[in-house]
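Per-chain numbering from 1; labels A, B, C and D assigned in written order.
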Amino acid sequence: MTSRRQLQMIGLAASIVALVVLSVIPHLTSATDTQRWAQALYIGMAAMGLNILTGYNGQVSIGHGAFFGLGAYTTALLMHQHGWQFLPTLLVSAPLCFVVGVLIGFPALRVKGLYLALVTLGLAVLFPDLTKHYVHVTGGTNLVALNRTELEPPQWVPTWLSAIGRDDQWAYYVTFALTVVLVIATYLMVRSRFGRALIAVRDHEAAAETVGINAARIKVLAFGLSALYAGLAGSCSVLVDHLANADKVQTFQLSIKFLVAVVIGGAATVIGPLIGAGIVVGLQWFISEVLPRHLGSIGILKRTLGNPAASPAIFGILLILFVFVMPDGIVGGLRRFWARLMSGRSGAPPPTPAPLTT
Amino acid sequence: MSLFLTQLMNGIGNGAIYASLALALVLIYRTTGILNFAQGEMALYSTYLFWYFTDRGLPVIVAILLTVVLSFIGGAVIERVVIRPVEKSSPLVLVIVTIGMFLALNSIVQVQFGSDIKTNLPRAYPRHVWRPGDVQISTDTLVLVGVLILECLVLYLLFQHTKLGLAFRAVSSNPESSRLAGVPAGRMLMLGWALAAALGALAGCLIIPTLGLQASSMQSILVFSFAAAALGGFDSPVGAVVGGLIVGVAQSLTTQYIKSLSDIVLVVPFALILIVLMVRPQGLFGSRRVERV
Amino acid sequence: MNHRGRDRRGASNSLRALALCTVLALAFAACGSSRRSGNTTGNTGASTPGGTTPIVDTSNCPAGQDSVGVSGNTITLGTSLPESGLYAPFTAILKGERSYFNYLNAQGGVEVPKGSGKKYQIKLVDKDDAYDAARTVTNVNSLINDTKVFSLFNVVGTKNNLGARDTVNSDCVPDLLIASGAVQWGNTKFPWMLGSELVPYPLEVRVFVDYLKKNKPNAKIAVLKANDDFGQSYAETLTELIKGTNLTVVQTQGYDPESSDVKSAVTSLAATKADAFLLGATLLACPNALTAMGDAGWKPIVYMSGTCVSKLLLGAAGKNADGLLTVTPLVDPADPGNASLPAMQLYMQQVKKYSDADATDGIVAYGWTTAALMARILENSPKLTRSSVMETARNFKDGKGIGLELPGATWDTSATDWFLGETFQLITYDATAGHTKPLGPLVNLDGKTAELSPQSLLHS
Amino acid sequence: MSALLAVSELRAGYGAVRVLHGVDFSVDEGEVVVVLGANGAGKTTTLRAICGMIDGQGRVELAGRQILGRKPEQNAAAGIAHVPQGRGTIVDLNVVENLRIGAYTRGDKEVDADIERWLSVFPRLGERRDQQAGSMSGGEQQMLAIARAMMARPKLVLLDEPSLGLAPIVTQMLFRTLGDLNREQGVSMLIVEQNANLALGIATRGYVLETGTIVTSGSAAELAGNDEVRRAYLGI
């Protein structure tokens, strides 16, 4: 069996194990930790979407926090002001975000590379101002806070899935289910003609055109799809965090989180962004919660590692060190390690690194 | 009419700051080919250094010079230590590295210099406002524009009339051929980052005494500077200056004349970028080559 | 919002009035058709003023949770505030709080109820939310479910507390002394929320309108407001309060709260040559607005939001701040004139002992005084249970001699008055002397906040 | 006398892929040495290893001193000029600026005089002295690349397939100029080329490189007469 086939088998096995572990998390951890895991999942969903645009199609965006916000506000307003259940709101937020994504995709055609990144930054900076302008709900602010009755799971949901008093489990399982759906969708899409066209347009747009790929359509579709994923993630965040909110700093931080998750997870890989999201959320929790508690009391560390004001510094520095060590992310790094391992053992000429699309 | 002129002056004053930072962004783009997200926070750190020196009682001019020199060295060190190792990797990795620096610098400033607001920073020049016929002309605006012109002059002389400047332009255009001709490309990259850091420091030391210094001082200024650099075309210093002034003036005129947009005034620079890029995808003065990330 | 300024050059700095919360984010614009738009009657909380029936209805609270957070002789309190990111300066509140609680614990702790001889140590657990409402919600859930705190205390930020409002009221956990001057804490549908002693913004606007009615009855008013719920509440309340007077608003300009550049906005306002200028701004936007006002040669009657009252910010405006009007609910720790007050001496001594904070900073004074108020509420509670403490807080009459409040100020609440901090001092700034001076008698608008606030804001 | 350039046991490659498997050759003072080889034979890798663009093992001595492993800018200063494949034009600079960069390592005063001299040697460059280099034809850019290399007054000039992408008459004119430079000014050259007959025309000696090893060597006349070489590279 070639080393490529072995690698894929290992990948599959690892995914199944992860699936099982993730499906029992709510029963093993406290409500707050379950919420944190759910946050990692929805950040992963949005990162998978951004990966389609940036990883597979090469269009860099630092504004997907805006699509995330659009999805969140759509769901929150439908639930809070029109009494909808959560799941039906997805039928509105997903297509809406897709359409808005496509609309943003068109001007993006003429704007390339760096300029595109900048225009999307504009998106992330403007979205909070728009919500402040048009949304005045909870306490008249642009915050839309939902209460427990609105967040209750529908009757048909089995009770073990949403233990009374712990509605976080229902939120977790919805996010988990959607994540699995999106992973499968991404896996299939990457194998499809559309997936290959994405990569062709990324690697050499002109060449792709000559073989009959309509580059414009592909790029606009990539934008729409990535916005759809981010919108779904935003909708789940309403269930998980019980609110929809948008501030300039927060929307920008979110957009960065998605991009960081894609890069340190492994751009242009299926699972990479999800792993990257887990690392980002876990790292930020560790730095801002665990470090201050344990190091906060020891003298000199009190002002540096233990000082909460230093948490962004620790995260930033670790981020830089990470991309130094693993420039093509965890999945990319593992694959390279695996290729070197295989070449060492079998003595045959080293296989070229597996194509990006496992 | 006098109101229009006053707002125009306000716009040009702000524009001069956006132009300085945009110049720094262009310098870094031309040498390393990336958008430096940490440019604002690098300028912030320099400005806190300036505050620290003045707080220690150093005369203002000495403090500014010391800050600019240290920032120059700091910029070179950042390129050598943080950017060089990943210079060959994908642009995405470089974006992440600058974002990492953005987060780190903002937090380090607060831990090292305290997160409280610093006001009453001493001024390098007396603050005075003339009001000829109700048009307000302040020394702040004049100095900011003056310094911008000085910066452009110095950069022009450096790049067009010195061997070092020629080498810098050669490396920015074709690093490999330059090295084959004996030009130490590495040192030129360091020069690019050093100049950018120094420009940012100068902009900070001049604007902050008028605005007051806090951890978020540079964030909104940086967004406008990004817009300025993009408007002008990322690889053209002239574009950065023109772009900066356009964004500054557009911002203050919108506040005055387009009330509905006045509280989302940030929409102006980005609308400008979109319109210009629709017509010329490489910006007003940029060259076609710019598109690839 | 005022910041401590470690001015190492020794000049006694920063007259620090506190009123910081507003700076964070708070009151909002009107409208926002909320499905359950509040009807003031028929809610569970308010009851007849006779006080016999409890104000706080605990009928649908989860069973057995009433004395959670008390173990042995320790009461655990929880708070969430920005300790990192752009709003990290607010950690000064935490230093003030911890100084008081350490001092109190050293004296043996708080006696609940007073005279019972049973003393408890107070343990304060703080969590950082970097001022992001979603993180505040996660922190509050963790404080309630994992840390199992007895009560929340001095959680910072309007949107942050609004985010946690549903959890707090469903789990019946007191959210006491919220660091925000928003009026939503008067919403009788949510009895478990109580604002701190900060001056609610509508009262500031009321004082300014009264002043104008007396001194310049047909003034044209120009308004500069931050583009968030904080700024909006000033503009909103002003338009309500000038109805029926011949005061008119001639122009309103908004600015981006995250940048402090307001030059163009103020230039536009100055061109209207208005007689009065309402400055609903915070942080550096205040001195920058006053400077721009001076540049334009515009000399209106200025009312500046209480959040900007600090020697640091006022000093930055210099002579342009001369004669401006504003308010302060606490005695200023930076004003040497107050150094002789016994409460001030105790405060100065203990803050130096227990923290590295700058005692002349109004935010630290606010943290200290709010902690003292918390202890006083606990002392007045007949039983050490959440419902009893909340009931005491809703019916608080013992608001004297607590911390650094103005002499003669009364902090009290009742079934019909859900606001604590309704007495404060109108002050003006004397640029030559370099500090503020009281103007007229103590303003007592006790119980008036609800009627003065925009109704849609109070009940949303 | 010792060789100007002595290469022995030179191995080099890109990461895991080995290209040169131990190459030996030399260039004496005033000589024009040609290395013939098909695509992928390792011609460009050889030049890049010599001037330090890529890492290599073995020995490369310039006038007796080991220069393997030193940075390109140091080797340029030591007197090696390299005209890379595809001419390496610095497109954003104009003709004069390109020439001035060529003399970066020199400290003497005669740089301006040299610029005028080379503009007269290549009159077409003279006519376009202030034109952006990027906007010139392939032949003109090749002339500019050679002139830029000569500006450094090098001891040895490495040329990587100068004939690539040029019209035949332009290539002939180019090689005639190279021959003149060697004869009149004694410039030693190492030319890597596929166009064998033009190269051998001006060469003193030559080598044939196949899959990273030298297969045959000899004087220009011997190589021109050798059947294999003739069949493989002269197309006769």
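Observations on the structure shown:
Here is the rule we go by: contacts are C-beta pairs under 8 Å (C-beta built on N, C-alpha and C of every residue); 3 or more make two chains touch, one makes a residue touch a chain.
As the structure is a prediction and not an experimental result, all values here were calculated from the model.
Centroid distances built from C-alpha atoms place C farthest away from chain D. Taking B-D and A-C together, the pair of chains sharing more C-beta contacts is A-C. Chain D has its Cα centroid 43 Å from the Cα centroid of chain B. Distance between chain A and chain C, defined via averaged C-alpha coordinates, is recorded as 38 Å.
Separating the CA-averaged centres of chain C and chain D is a span of 78 Å.
As a whole-number value, the distance joining the C-alpha centres of chain A and chain B reads 32 Å. In chain A, the residues touching two or more other chains are 129, 249, 309-312.
Shared interface positions of chain B, i.e. residues touching 2 or more other chains, are given as 106-107, 110, 115, 219, 263-264, 266.
Of all residues in chain C, those that touch two or more other chains are 84, 86, 88, 91, 227, 256, 258. The chain pairs satisfying the stated touch condition come to A-B, A-C, B-C, B-D.
Put simply, chain C touches chain A in their complex at residues 25, 27-35, 62, 83-86, 88, 91, 127-128, 130, 132-134, 137-138, 141-142, 145-146, 158-159, 162-163, 165-167, 170, 182, 184, 227-229, 232, 256, 258, 456-457, 460.
Within the complex, the chain B residues that touch chain C are 3, 6-7, 10-11, 13-14, 55, 57, 106-107, 110, 114-120, 129, 131, 136, 138, 210-212, 214-217, 219-221, 251-252, 255-256, 262-266.
Interface residues of chain A facing chain B in the complex, by the touch rule stated above, are 54, 58, 60, 62, 107, 110-115, 117-119, 121-122, 125-126, 129-130, 133, 249, 256, 259-260, 262-264, 267, 303-304, 307, 309-313, 315-317, 319-320, 323-324, 327-328.
Within the complex formed with chain D, the chain B residues making contact are 163, 166-167, 169-170, 172-174, 176-185. For chain D in complex with chain B, the touching residues are 51, 53, 71-73, 76-77, 81-82, 84, 88-93, 97, 100-102, 104-105, 148, 152.
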